[in-house]
Structure formats: structure tokens, C-alpha cells
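Beneath this line is the structure, given in C-alpha cells, with notes to follow.
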Amino acid sequence: MALTGVLRPGHVQIRVLELEPAVHHYVNVLGLIETARDEKTKRVFLKAWDEVDHHSVVLRESDEAGMDYMGWKVDSPASLKKLAADLENCGLCSDFSWVPAGEHPETGERFRFTIPTGHVMELYAERKIVGNGCGTDGPDLNPNPWPDGLKGIAPHRFDHCLLYGDDLDGTVKVLTEVLGFSVAEQIMAGPNKDFQIAAFLTCSNKAHDIAFVRQPVKGKFHHVSFLLGSWEQVLKAGDILSRNKVSIDIGPTRHGITRGETIYFFDPSGNRNEVFAGGYYHYPDKPTITWYEEEIGPAIFYHDRKLNEAFLSVFT
Amino acid sequence: MALTGVLRPGHVQIRVLELEPAVHHYVNVLGLIETARDEKTKRVFLKAWDEVDHHSVVLRESDEAGMDYMGWKVDSPASLKKLAADLENCGLCSDFSWVPAGEHPETGERFRFTIPTGHVMELYAERKIVGNGCGTDGPDLNPNPWPDGLKGIAPHRFDHCLLYGDDLDGTVKVLTEVLGFSVAEQIMAGPNKDFQIAAFLTCSNKAHDIAFVRQPVKGKFHHVSFLLGSWEQVLKAGDILSRNKVSIDIGPTRHGITRGETIYFFDPSGNRNEVFAGGYYHYPDKPTITWYEEEIGPAIFYHDRKLNEAFLSVFT
Amino acid sequence: MALTGVLRPGHVQIRVLELEPAVHHYVNVLGLIETARDEKTKRVFLKAWDEVDHHSVVLRESDEAGMDYMGWKVDSPASLKKLAADLENCGLCSDFSWVPAGEHPETGERFRFTIPTGHVMELYAERKIVGNGCGTDGPDLNPNPWPDGLKGIAPHRFDHCLLYGDDLDGTVKVLTEVLGFSVAEQIMAGPNKDFQIAAFLTCSNKAHDIAFVRQPVKGKFHHVSFLLGSWEQVLKAGDILSRNKVSIDIGPTRHGITRGETIYFFDPSGNRNEVFAGGYYHYPDKPTITWYEEEIGPAIFYHDRKLNEAFLSVFT
Amino acid sequence: MALTGVLRPGHVQIRVLELEPAVHHYVNVLGLIETARDEKTKRVFLKAWDEVDHHSVVLRESDEAGMDYMGWKVDSPASLKKLAADLENCGLCSDFSWVPAGEHPETGERFRFTIPTGHVMELYAERKIVGNGCGTDGPDLNPNPWPDGLKGIAPHRFDHCLLYGDDLDGTVKVLTEVLGFSVAEQIMAGPNKDFQIAAFLTCSNKAHDIAFVRQPVKGKFHHVSFLLGSWEQVLKAGDILSRNKVSIDIGPTRHGITRGETIYFFDPSGNRNEVFAGGYYHYPDKPTITWYEEEIGPAIFYHDRKLNEAFLSVFT
């Protein structure tokens, strides 16, 4: 975790146009597990099987696809309080509020704020731990390596989001200077290679926990990504997507950035999903990997060595 | 093998525009092993590591890319003689000739003929067996599962070719009725699904040893394919191709037809190569798998469920 | 297939001590599909998902574990008749009989005989083809690469058996000279390496369809083997076996012979099962691979380089 | 990293009986890269390819195999100073000393101490970063996913050690209370399951960075472990070990604890090595996984469900 106490991406709330097709997609095809519904706010709460927390993905019915917000688990109420104050004081964020405990089921109060790229973020310290279903004599006792009865692609966990926005500098500053993230990889443009057009940031030993691409928009959502255990599971994911006639964007292929083995596809509302495997361990003393803009092709899609048409133009 | 004694695709002679870049590609990137050169005819002979025969791929310098011919190993001189006579008598082939022993190094005489789609084919019964380099106490003694010192992608063997031509009916008739092949899979068009537009044929337990797509051309070459041992090797192939800046056509992905896990790319002369893993065992009593033309997308590229632009338009 | 028309191992009838635990093992853990029962003879008929024939494994309740017989599919009634005559005339086999059509469901008449190692073998030419469940518009129309709803380990097919017996020379002679098999690999003992103690034989392009180890017994059964699609599926098999507390003999590991990636385990009656992936293509002109007896360790278990205790001593 | 600033296992110094066979093993078979030698102290310094630090494994010629010490990288000189003071004051450790900068090449000063199980540990804040060889335009610029020219098994990094010692309680207390580690998994014995006999601890998001088994010895070394990228690489590791006649202890198999896919083997001096893939992400708020002593079989070797003879008895 970051020294600030930020542990991981804990949830993402995604807007979908119709709830039932979305639930079918995220449960039967992607293979998340429904853990709660909130009829009043038209929300469904889901978790990936290997997460121990009550939920990580929230689907909300809405007129427009996209991401409502992303939430970060911090290690303690004390860290939550300190980080909230730091964010309020950093001069870079806006729209601060406290969401009361219980607004998400089994979850404590959340501190909400908007970062310079226009994305709403949250921090929270408490969520019920429900286990991953592997324990044979209790939730964490004598586990099998994976539980029975998984459906669909069945990723291990919600891993990260890639977001599009304009003020990349401001957002990177908040994440690194206030929240303690590192920039694991970046794409640099300009004659002096000093204009950052994409940043992949981590608060952990993962190659990335969140990423941003500079685009002249506010608060846009490129994809939500889920972790698989192997390249063979990426193949199987492609098979499952095709069988279910899910629209695949690109893949299976490899990313140059993070080395991830990946496939991109769309949920019924047009939100992009990714499942991926691989990557490497990041440590805060590891130098940032830099890609030059002219190498953006292999940076994003290492095999094709060029962006596909949709990468920059399709987002929600 | 087929009951006629046809064993396998034994060689393919490919035309390349310049020999040295081609040799670099097929040896250092694809990972074949050079076994002989013929300076007079500007040819280089190569084998894949796991083949025991002296060579399987022949590169010939020429002004135009494409395939000169494909050769089939038969089980005996007697079968060779009988099949030559059958071909001459079947009324479907043309341009018969006997190529003398030694025209290919370490190879007996070859019977050459042209099939209705305009492709030159050969049969031969004798080629020196040189071993695959796995034996630790002799060529076939106490082997390791793979030899030391492989380069590049290092496929196990030359597996099949896909060819484009017009008289598909005639060619399929020759292959099935004279040479004893089975149609493992086919694509059917027309209101009654009775117009065959592609046929995947086998003389063995492999899902295919050769394939044809009906196109208004004569003697054209879509790709030559090499066998890998796993889907992970397909990923590694993609990595090696990208590192060497080899132009990738499509993949990694899965074929619907044969279920193969595949990546397509181009040699420096524009000839398409494939490396693939997977597939299934075919037996002559297994019903032909039929794909309808409207399912040609998933038939060819199961994940994308549509042809890429190059599939039908780029060939040599 | 062999030039004699022998296509493949088509069935194996295995004796189990209690039918229900056996069915649980072969259906829910191994993942075969039950296709018929014969209450009178206390038999259950099963197939692997990727086989198109009605059944391949028959479980028969009995007081003693082991193998009743193995059956081979031949390409035509004519081949069946000819091979039956050849077997009766070869002077090496005994106990000939014709089993009437229908004794196995959906199966034509079978010719039964005993080979010199004491094993009962059968040939048959007809069995109903039921398909593999992949077709989306009919049994062989527009298939997916694998069907929905598989259970347990879910191998592709019944692949081969390894048998123990005394007169290895006689049995190899019958298989090669009468039935047209090749010896793909062998283990040789003695000061001159001329005493064959194990033979791996094939009637196809598979590395083996049946294998024998010389032991001073008659008609004994070492294991029945099923084909998986990848090394990752071998891992998953190990996980499924452990979760179900199935006794694992050895593995995951690699065989030197055939290069197979393997795991051995026992059914509830003590019959050894194998699931494996990998191997290579055999052709009849490929030289036999020879292992010396002092290399029997890596020949059988390539990683450990020595036999485990059970390999020679535990059989049924 | 831990909130204390402890980042990762940074080095291990291993005693070997003869330097040259050891270097052959660690360089040509395991596939580490030699980065320095110290003739005076008879030491060779090595790194795994994907580590960016100057070295991680140190081999020292000695009369007795085993581990001299393990070193931990911390995030800053300030953390180093604070942790040194905390360790001196905690009342659990002994034999404190400062090793001057340069005693390891390209490395700052190290704080050395002995933990209650008798193992010597070190903390350090500075080591030259040399890169992983993937960058194509500089050490961290436009990288390929893996470098050319790797030898042998070629693991990504030195991952963890498993150590044997008596005062497990004291050592776990130091690691968790002073150094900020979490217990990711443990094995508990006794009628009330309250006697810890093994602990797997992490200072990061890895499932373990170090592990201890309670045994009536001081300062003993069970194995040093290196990270691979996939289960297929575990197979290939087994193949490489067999080809080189390296003694394999067990594997390929799966651990229940950490879910790792593993193979154990011995260096020429009898020190146990492991290469493994897989595992899961640990976070400090994840409950400790507990295994009961009666489940120690599947905990250690999930497939076999029992310890092999060597696990408890062979160490250095």
C-alpha cells in the first residue's frame, strides 16, 4: 500500500442503460457474484470471487453510460480522516462531501471528491469482509485454491480503471503528492518528450491501480479492468465472449505498458470492460517506465504496434 | 495417413523477393533450421526442429512472391507409382512430370502435377531422415522433450497451407477421390447451403493438412502454417514478432474452424505465415463440420466474429 | 489410421467394485458423460465430451477391478471381416468370438480375441455417431470450440491404455504385423539392448494408442488415459482431484516417452486413471524412439528421473 | 510496502561448498545474471533478469551450505535509521551491527541483526539501480516485455525464503510489530488450534515475502524461491532441471498455502531452490488464512495432500 494508507481500488460505480441486461452480462458472462440490490436507487452490488470484501462493482441504471465514481479502501479511519483533510487542503480537488455509512451496503462513511480530470473519487475505511468462498472449514480455514461453481469468465478481482480527462497534470499531482501513488509508466509527447499524455499509477505492488489518458474531456471512462490468473484464461474469456455474442474491442493481445495479456470488450450499455493477466511487481523505488508518443502503438497494443480505431474514440 | 499411402505435407517451396532477408526471417524470427543451399537455383532448404526429415520449407529467390508447389510424402515407392498413375488417369489434373531424385537434396524422385485450382503439387516417397536433435545418445535414443539452442518462435513442424483458387470442386474431388483425403470442415454458401466456398482437408488425424478458399484466381497462396505446442507459445510468438518489427496480420486469436489458436504475419516478401497451436483429432468416420457463409466471421476468427480486411484481399 | 483400417481405441470396459461410486468418479470428477445403462449386466456407458461416438468407456460392476477388454473402431465392415480372418489365421491369438450387434448399445457386431499378453481385444465397424455438443445449429453445424456445462476434469477423449503382460513379443507381433500398428517408442534391456521390456504402439498419428510393459502376469491393466487440451488443464485436474480427495499416484509431471504432460490417479476401485496433454505427431516412417533400461526413470517420469514405487507394483 | 518503509526481500547470501559448480547452477541452469565478483571474500553477486537492482543473490564459498543472511530494502535512509533503533529497542533481537557501504558492491550501509529463530537479517536503503534489460532506447524507455538472450529457467526475481527455527513466536513478533509485516497464512496445531507451527509473512501485496516453520533448530534454511511468470514456465523449469540432471525434490505441483505453482530442487551444495508462479494479492486488511495441522498435507502440497519425506528433514 501507499505510505498514506491507501490500499487499493475498492469499488467502481458504473452507469448502465438497463439493469437486467447489465446484470446478465456482469454475472453470467463476466462472472461476478451479486451480493446486494438497492431497488430505490436502482443499483446492484457485485464482487469478484477472489475478493474478500462485500462488493467492488456497483451497477446503477441511468440514461447515460459511464462511471459515477471510483472508491479507494484505506487502512484505517485515521488515515481516512487525514487524507480527507489533505485533499481539502491541497487546492487541486473540489466538490468534497461525506457519504454516510450504509449508502453502500456493509460499508462505512465515504469521503467524496472530484479530481482535476473531472472524475469523482471516494475514500473509505470500512466494508464488511465476507470471504472468497475457498475456505473448506470456515471463510479462511483450510482453503481450496478456487471455489466450486464459478460462472463465466470469473476474474479474480476488480483491478483498475482507465479514465480520460483534460487536466492530467493536476490529477497526477493529487494522486502522487496527496494520496501517495507512484507513476509506474507514462507516455510522453512533444519535441522534448516532456508532455505527459498518459500516466499509469499504482498505490501498491501492482503495475497499475488506475490510469489516465489526456483527452479534451472531463470525467470520461475508458474501461474497467478485472484480473485473470493466466493467459489461457484470456483465451477462455475470448471464447466465452464469442459464445455470448459479446462485442469484443480487441484481443487477446499483449499490452506493452504493464506487459498485461488482455482482451477488451463492451457491456450492453457500451462501457468497455477488460480482463487481463500478467504484469509485474512495482515498488516505489522502481524508475518510471517511459514510452515516447511515437511508440504509443506498441505501448498500448504490443503485437499490432498500432492503436485500433476504437481506443481513442470510444469511451463513455 | 490416408489409405492411399499419402502421409503428410512434406514440403512447400515459397518464392521470396530477396533471399537474405527471407532467410533471416525464417531462421532467426520464425526459428527454422537451414539444412542446405542450392546456389544455382537460389534456394535455401529448411526444417522445423521437430521434423525428422531433411527439409520441409524451401525458399526460392524470384521476382514475385507466392508458392511454387507443395509436396506430399507417401509411404512407399509403390504408392507413389500407383498414385501417379491414378492422377494421370483421373481427368482432373494436368502438367504431369517426374522431377529427378536429387533435385531436392536428400530426396528421391517426385511426381509433379497441377490440380484444378491451378496449384502445383508433388508426391515423393524418399527423403533422408536426419532426426530432431532431441536424442541424447543417438538420433532416436533417450531423447529430451526438446533440444537445446532453439531460436525465435521455433515451431514444431510445417503443418499446412491455405490456398486460393477457382475450381474448388475439382480440387476437392482430386484430393478426396484420388488421394484419399477427408473434408474435415467446409463453408457452404447459397440459399440451400450447397455451394462450397472453402474446404479444409486432411490425410491424417490432424484437423487439416491443406485448405482451399474459392476465389476467382488460379494457383494463389494465402498462408503457410507451422505448429506450436501451446497457446503460451502463440503469445511468445507475438512478442518475438513485435520485437523484430514483423508485420502481424491478426492474432493472437482463435479460429472457429479447427479451433486453432493462431497468429498470422508476413514474411519480408509479403507471404503470409501462421503459427498456431491446438486443434483436435480427425478420423475418417468423423462427420464433416459445416459452417454457413453467414457464420464465416466466427468460422475464421472466432473471437472477432468477422473477417479482417486482409483475409480475403491479401495473398501472393 | 493404419493401412489395415484400424482407426482408434474405441472403447474400454473397466471392472469396478461398486457402480455408484464409480459413476460419481467418472462423471462428476473425471467429467465423462453417461449415455446409457444396462441394468442386467450392471454396466454404465460413458463418453468424453469431444468424442462423437455414442460411448467409449464402459463400467461394469464386478468383484475384482481391472479391464475386461479394449475395443478398436475399424473403418468398414469389410476391414472388420478381413482383420478377423487375419487374426484367426495368424497363430498368435486365441478365444475368438463374435459379439452380436446391440450387446453394446448403438453398436454393431464385435470380433473378440485374446492377444498373447492375455488381454481381450475387440474390433468393430459400427457405432452410432451422436456428436460432441459443440454445434450451435445442428450436431456439426457452426460449432463453438467447446460445449457449455462441462463438469469436473472434462477430458476430450479416451486416448489409450497401458497394459501389463508376459508375452510382449507376441502381442507386438500381432499389433504390428496383423493390425498394422507402429512401435513409436520402446524400452530395451539386456547387455545388447535387444530385449524389449515396453512398447508404445500407435495405429494413427498419435504418439500412442496402446502400450505394454513386460511383466510376469497375464491380462493386467495399468491405466486408462484421457486427453486434455493443455498443461494448465493438467494443473486444474490436480486441483479437482485434490478437492475431491481422489488419491493421486503421481503428477503433474512430464513423461519422457511421448513427452506427455500427465497426472495419474485412482478410481474408487483402485483402477489407475491418467489425464494428459501434449505429445507429438507420429507417422509410420518415423523411426522408433528407443530408451535404454537404465534410462527408464526419465523415460517414464522425466522430471523425477526415477520410477515411483507404485508404477511397477500397483495394477489391476 | 509495509507502512514502516520495508519494501521487499532485497538479497540473500547463500553458502555454497564450491563456487564454480554453484555459479554454473545459478547462472546456466537457474538463469540468474552475474553482476560482480569479490575474490577476497569468495563471493559472486547475481540478479534475476526482471529485477532492476544491482544484485539480489550472493553466493559465498564456505565449508557448510546454508544461508548467511537475508537483506531487506527499505524506502529511505530515514526509515533505515528508525527501524534500526526500533529493532535495538524491541528486546527481541540481538547481534546488532552496521555493515559499511560497499561491503556489497553498489550498496549503501546495512543494519544487521539476529531474529529470535537465529537468522541473520539486514536492512538497507541504497543499491544501484541497473535496469532489467527490457528498454529499447534506454534502461526504462520503450521496453519489450522481456529481454533477449535469457538462459536456463530465467525467473523474474528473487521472491522469498522459507526458514526453520525454534522461537517462531519471537520472530513473528519482530516481523509484525517492529517491521510491519502481516501474517498472510499460518499453520496451527494443538487441541485448540492455537499453537502456530508455521507462518507466511508479507511486507507487500505478495502472498509471502518470507516464511518460517517451527523446528527445534536455530538459523536453518529450507529454500530460496524465485518467481516465474506462468505454470508453463514451471513445466519448462522441470524440463531444464532434468536435462541438466539437477536433483528435483518435488513438483511440478501446487501449494495449498499461497496457491503457488511450484517445483523444488537442490543446488550442487544441497541448498533447496524453488521456482514458482501464481499466488494472489495480499492486503493488510485481508484476514490471515489458517490451516490446521491435520491439513498440513494439502497446505504444503495441495495435489499429493501429504508432505514428501524431504520437506521436514532436509534443510541446510
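Which chain is which? They are A, B, C and D, in the order written, and residues in each are numbered from 1.
One rule holds in what follows: a residue touches a chain if its C-beta (ideal position, glycine included) is under 8 Å from a C-beta of that chain, and two chains touch if they have at least 3 such contacts.
Because the structure is predicted, anything quoted here is derived from the model rather than measured.
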{"item": "Graph distance between chain B and chain D, where chains that touch are linked", "value": "1"}
{"item": "From chain C, the most remote chain by mean C-alpha position", "value": "A"}
{"item": "Pair sharing more residue contacts (C-beta pairs) when B-C is set against A-C", "value": "B-C"}
{"item": "Numbering shared by both copies at the chain B-chain A contact, with half separating same from different", "value": "same"}
{"item": "Computed distance of Cα centres, chain B from chain A, in Å", "value": "44"}
{"item": "Geometric centre distance via CA averages, chain C-chain B, whole Å", "value": "31"}
{"item": "Chain A and chain C: spacing of chain centres that average the CA atoms, whole Å", "value": "48"}
{"item": "Multi-chain contact residues (two or more partners), chain C", "value": "144-145, 230-232, 239, 242, 254, 298, 302"}
{"item": "In the complex, chain D residues that touch chain C", "value": "231-232, 235, 238-239, 241-242, 245, 248, 251-254, 261, 263, 298, 302-305"}
{"item": "Chain C residues within the chain B interface of the complex", "value": "1, 3, 5, 7-8, 50, 52, 73, 75, 129, 131, 135, 137, 139-145, 156-157, 204-206, 229-231, 254, 256, 259, 278, 280-281, 283-292, 295, 298-299, 302"}
{"item": "Residue numbers on chain B that touch chain D, as the complex places them", "value": "144-146, 148, 230, 232, 239, 242-243"}
